[in-house]
Amino acid sequence: MPNTHPCKLVVIVTEAAIEDELAADVMRLGAHGYTTMDVRGQGSHGPRSGLWGADRSIRMEILCDATTSLAITTHVEKAYFKNFAMVLFVADVGVLRPDKFVHHG
Amino acid sequence: MDAIPLFFLLGFLARLARSDLKIPAQLYEALSIYLLLAIGLKGGMELAQQDALRVLPQAVSVMALGVLIPLLAFPVLFKLGRLDRFNAASIAGHYGSVSVVTFAVGVNFLVARGQDYEAYMPLFLVLLEMPGIAVGILLARLGGDFRSIRWGTLAHEIFLGKSMVLLGGGLLVGWIAGPQGLEPLDPFFFTLFKGVLCLFLLEMGLVAASQVPALRTSGLFLALFAVIMPVVSALLGAALGALIGLSAGGALLLATLAASASYIAAPAAMRIAIPEANPGLSITAALVITFPFNILIGIPLYDRIVGLIYGS
Amino acid sequence: MDAIPLFFLLGFLARLARSDLKIPAQLYEALSIYLLLAIGLKGGMELAQQDALRVLPQAVSVMALGVLIPLLAFPVLFKLGRLDRFNAASIAGHYGSVSVVTFAVGVNFLVARGQDYEAYMPLFLVLLEMPGIAVGILLARLGGDFRSIRWGTLAHEIFLGKSMVLLGGGLLVGWIAGPQGLEPLDPFFFTLFKGVLCLFLLEMGLVAASQVPALRTSGLFLALFAVIMPVVSALLGAALGALIGLSAGGALLLATLAASASYIAAPAAMRIAIPEANPGLSITAALVITFPFNILIGIPLYDRIVGLIYGS
Amino acid sequence: MDAIPLFFLLGFLARLARSDLKIPAQLYEALSIYLLLAIGLKGGMELAQQDALRVLPQAVSVMALGVLIPLLAFPVLFKLGRLDRFNAASIAGHYGSVSVVTFAVGVNFLVARGQDYEAYMPLFLVLLEMPGIAVGILLARLGGDFRSIRWGTLAHEIFLGKSMVLLGGGLLVGWIAGPQGLEPLDPFFFTLFKGVLCLFLLEMGLVAASQVPALRTSGLFLALFAVIMPVVSALLGAALGALIGLSAGGALLLATLAASASYIAAPAAMRIAIPEANPGLSITAALVITFPFNILIGIPLYDRIVGLIYGS
Amino acid sequence: MPNTHPCKLVVIVTEAAIEDELAADVMRLGAHGYTTMDVRGQGSHGPRSGLWGADRSIRMEILCDATTSLAITTHVEKAYFKNFAMVLFVADVGVLRPDKFVHHG
Amino acid sequence: MPNTHPCKLVVIVTEAAIEDELAADVMRLGAHGYTTMDVRGQGSHGPRSGLWGADRSIRMEILCDATTSLAITTHVEKAYFKNFAMVLFVADVGVLRPDKFVHHG
């Protein structure tokens, strides 16, 4: 990756009901942006086929620095893991314009 | 035979038989937006032709019914059913609120028979949507962290949730525009209504059948509750209807509203306000048992009850 | 001039000219759900007014036609066209099944001229949907791994596929509800039908044009097959129509059904049941050539053929 | 009171109050496809009943108006408003083009009052869609890289963009099919029109309110421009209407078209052709200010202006 | 990634026709869940623009341990590569609650 | 990843307006395919909620070799970063059938 700089990618799959709340959390914790899409799936809470209101899931991905990544994963674990269908993973990726994703907290 | 319940059955059986038939998610949303708006508009239009002062006392007592039902349901669920406080409160809230589609099926029942009813009944539908949900949330927080309720978020969820805005907004638009203003909208919002309702019931059948596996874990108590509670509520609704001077048709609709449990507005609000509650339980009760019970068996039964009360 | 083929042309030309016009995927699904349900309901409603015993022998012979057509098509494709067994069988199956939209255009052709036809023809549409597909799958497995057919999956795919459930389910609902029960659904399912059909044809035009590049690889043989086979099938359909005592209008519709090739139900079923077949080949033949051929040239041609047979 | 502006207000207020009400993206697309096609069909149908030669000189002068308006708007934005060339040109192009929904509200204004107008006015809508956009793009490139315009892409974007294909294609289909050919499509495309328009206005209210925060950054000048420019254009439109011999109703519609700014076709074309322009500026002006101004205040105002000119 | 544990992410892009079959396979092979979304694209089978039935594609992603990942990739290669439009890739990511993704087979 | 071969995954989130152009660019620069989906999100250009025409975003992902990845990132940076809402990242993944993704330029 000659022209890219290391960055964290945090991905959260969860219930659509908390989309707005989660987006607000993520921005508050230092991310400068996020990308969301509608998904369906299955997990320990059973199938979520997304065909009607209460059954819809989203997948949110956030590019951010390691500190923000840690802040997000820690917060999300505490605030949502117990009561919501949720999966989270973090990957190492490379970005252009690294400043775009660094938290100047 | 009336076609409406048949569409529900078609969806239900198709899904049980594992057909791949699906109603696309955005079509589902489009259908609900249409139904909520159309019912609101209809109610508002009729309200424009009423003396508001005459309706006011009726409206207040109907809202009181919406508060009473979850207060009755909660102890049954909590003590008798041994559900935890959160689940008991959440389920009580679902039964305090109402189901728009059940109401529409009730109206259709009357129309098919040519029986009259107070045309402003959709107003009561709008008024009954919220109090049950609010009471449910308060019940969940009664224990300790009562001050932890985020009142702002709660009020927002209740008054500005999608269904409330469409129902209430439709009501206001219909009220302001009146019958003349709405006339050019008739073909879209009123003539097509029943056809759209059929599509929605097809989808409800699919959804209900997809929740059937959850029945196993929800237990016998909840299944009984989901059949008995509606009948009790319908009795209260019919009695109140007689008390406040509704026609027999109006009393049947009020009984139907009381008997119905919300599976659109309440689940959305409860998921945010009582995240500790298991949404599977309330949805199984409201959608898999109470909803089909009401549209297949309940409404004719409540009609009998009203007949007894009104002595016809 | 009739507007329906114009919508197909509009979509076709727009796409060829690389316009960015698209019909959203879920709108496409919504339109097909509507069309399938509406046709099923219509057929069921008419069936409710028939003596079922009188229709039965007709129904059986129509299904035999659905078995015959792929048995004729297969050797042509396999021997003459030198396609491999899988592709030959899959394409034969597409032509054994039927196209709902081609049928609707045929009905419109009669209605526009004020010509009568047996109102229960949609029953035959439903009956012709499956046998062709089943025969196609059996032909594909005739070689060696005949026992490898997963009969359960196959039956499931055929009887519980989306289009079958909507068509057949609509038929049942229409049959049970009857004309009275369906009356309030008229404005939605029947009055709007032709307008919705136009939107769907716009989309079919877009889709057909998007498959045009595949024409190059599919070869001349398949192009010829996709024009000649429908005419042969239409002859069989028209003759059978006369044999079983249909009116001239009914015979034209049966010819149209026989001539049409499935591009909704069959591709879905074949992709699962004969994964070895290249879906590009069958779709190019059925949708890019046969479909426009039928709605632009075929139906008037079959009308002539029926005219000759019925001596009018 | 007319219900149409109420739906816009409902959407606008719901969003300002942070309701979670949303119109699904594909429903939005479905509604626009319907509205564009329906207006095109209507215009084409009426055109089929006209003497094309009589309409031709009117059509040419209307297109000239579409060229004139951005040429007037550009120097105002560039010199007075101190916007850079790209933004000035892009905004000028938006105001040179037209808004289909504003036109529909204008038609509704006349219909509600029972006032006549030239039924082929949708032809002018189609003709006004493109010239403004083309002029805007040319203005953006006037500086240096004039040769850098990709004429092919540009022409493609203008003539084969979604809205152009639906409006223009609808016009052609309506023209060829004529009133008889379209009659079976009436219930779908014409009877439902106003209801669908209401849903679309609900969505426009949501979208406009979601762009309100951008108002802060767009500045006072642009806000003033977005109110004054429509009035100036409406004056030109009304005057031209009188000059080319339109009825008072026709002149009001031409004034409305001139006053309206595009927020569907132009943003899509400009984003590709003038990527240097900030889309937030033009959309705020066209959708958040000019659109509601036109449907709530503008149309009655232009009606007065036309009244003065026609001396009624 | 101080608070995360290594995990495999298997991503499969293929025809919508086999969504149900693939989901069943994946669960049978030891995954505890999956997330699916509708996509469009282009590949060696030409463009798949997803605008009508036969032309729709999905993207399924599965978090699982290395053994399950190997089982899934091996099975999918054998069962689907020949006859279906399909692409598959595997990434190394970090998860919270690693037990959620381990196959106790 | 015993059965996979290293490959680059380039992911681009941007305005739907340039979907066709971007897809053409990517193919021209040596990719053999891409996968696109509709998304919504927020970034330095503000929220893009995707509820109407001009506000729609897409996410395109491209599996390719390192050379092509570099060509794509370089081109995209030059052609689009200034005027369009856009984010890009690159990840290292493993694929089966590595030939499918190598540019024979």
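Labels for the chains are A, B, C, D, E and F, by order of writing; each one numbers its residues from 1.
Note that in this section a residue touches a chain if its C-beta (ideal position, glycine included) is under 8 Å from a C-beta of that chain, and two chains touch if they have at least 3 such contacts.
For clarity, every value in this text was computed on a predicted model and none was experimentally measured.
Looking at the partners of chain A and chain B together, they share no chain. When the interfaces D-F and B-C are ranked by C-beta pairs in contact, the top one is B-C. Distance from the chain B centre to the chain D centre is 41 Å, each centre being the mean of its Cα atoms.
Work out the mean CA point of chain C and of chain E, and you get 35 Å between them. For the pair chain A and chain E, the distance between C-alpha centroids works out to 19 Å. Counting partner chains per residue, chain D shows two or more touched chains at residues 20, 22-23, 25-26, 30, 187, 192. Residue positions 37-38, 91-92 of chain A are each in touch with at least two other chains. Applying the touch definition to all chain combinations yields A-B, A-E, A-F, B-C, B-D, C-D, C-E, D-F, E-F. Partner chain A is touched in their complex by these residues of chain E: 1-4, 7, 9, 23, 27, 32-37, 63, 91-97, 100.
Within the complex, the chain E residues that touch chain F are 8, 11, 13, 37-44, 57, 59, 66, 69-70, 73-74, 77, 81, 87-92.
Chain E makes touch with chain C in their complex at residues 15, 17-18, 21, 38, 46, 49-56, 83-84. On the side of chain D, the complex with chain F involves touching residues 22-23, 25, 28, 32, 203, 206-207, 210, 213-214, 263-264, 267-268, 271-272, 275-276, 279-280, 283. Those residues of chain B lying in contact with chain D across their complex are 25-26, 29-30, 33-34, 37, 156, 160-162, 165-166, 169, 172-173, 176-178, 181-182, 184-185, 187-189, 192.
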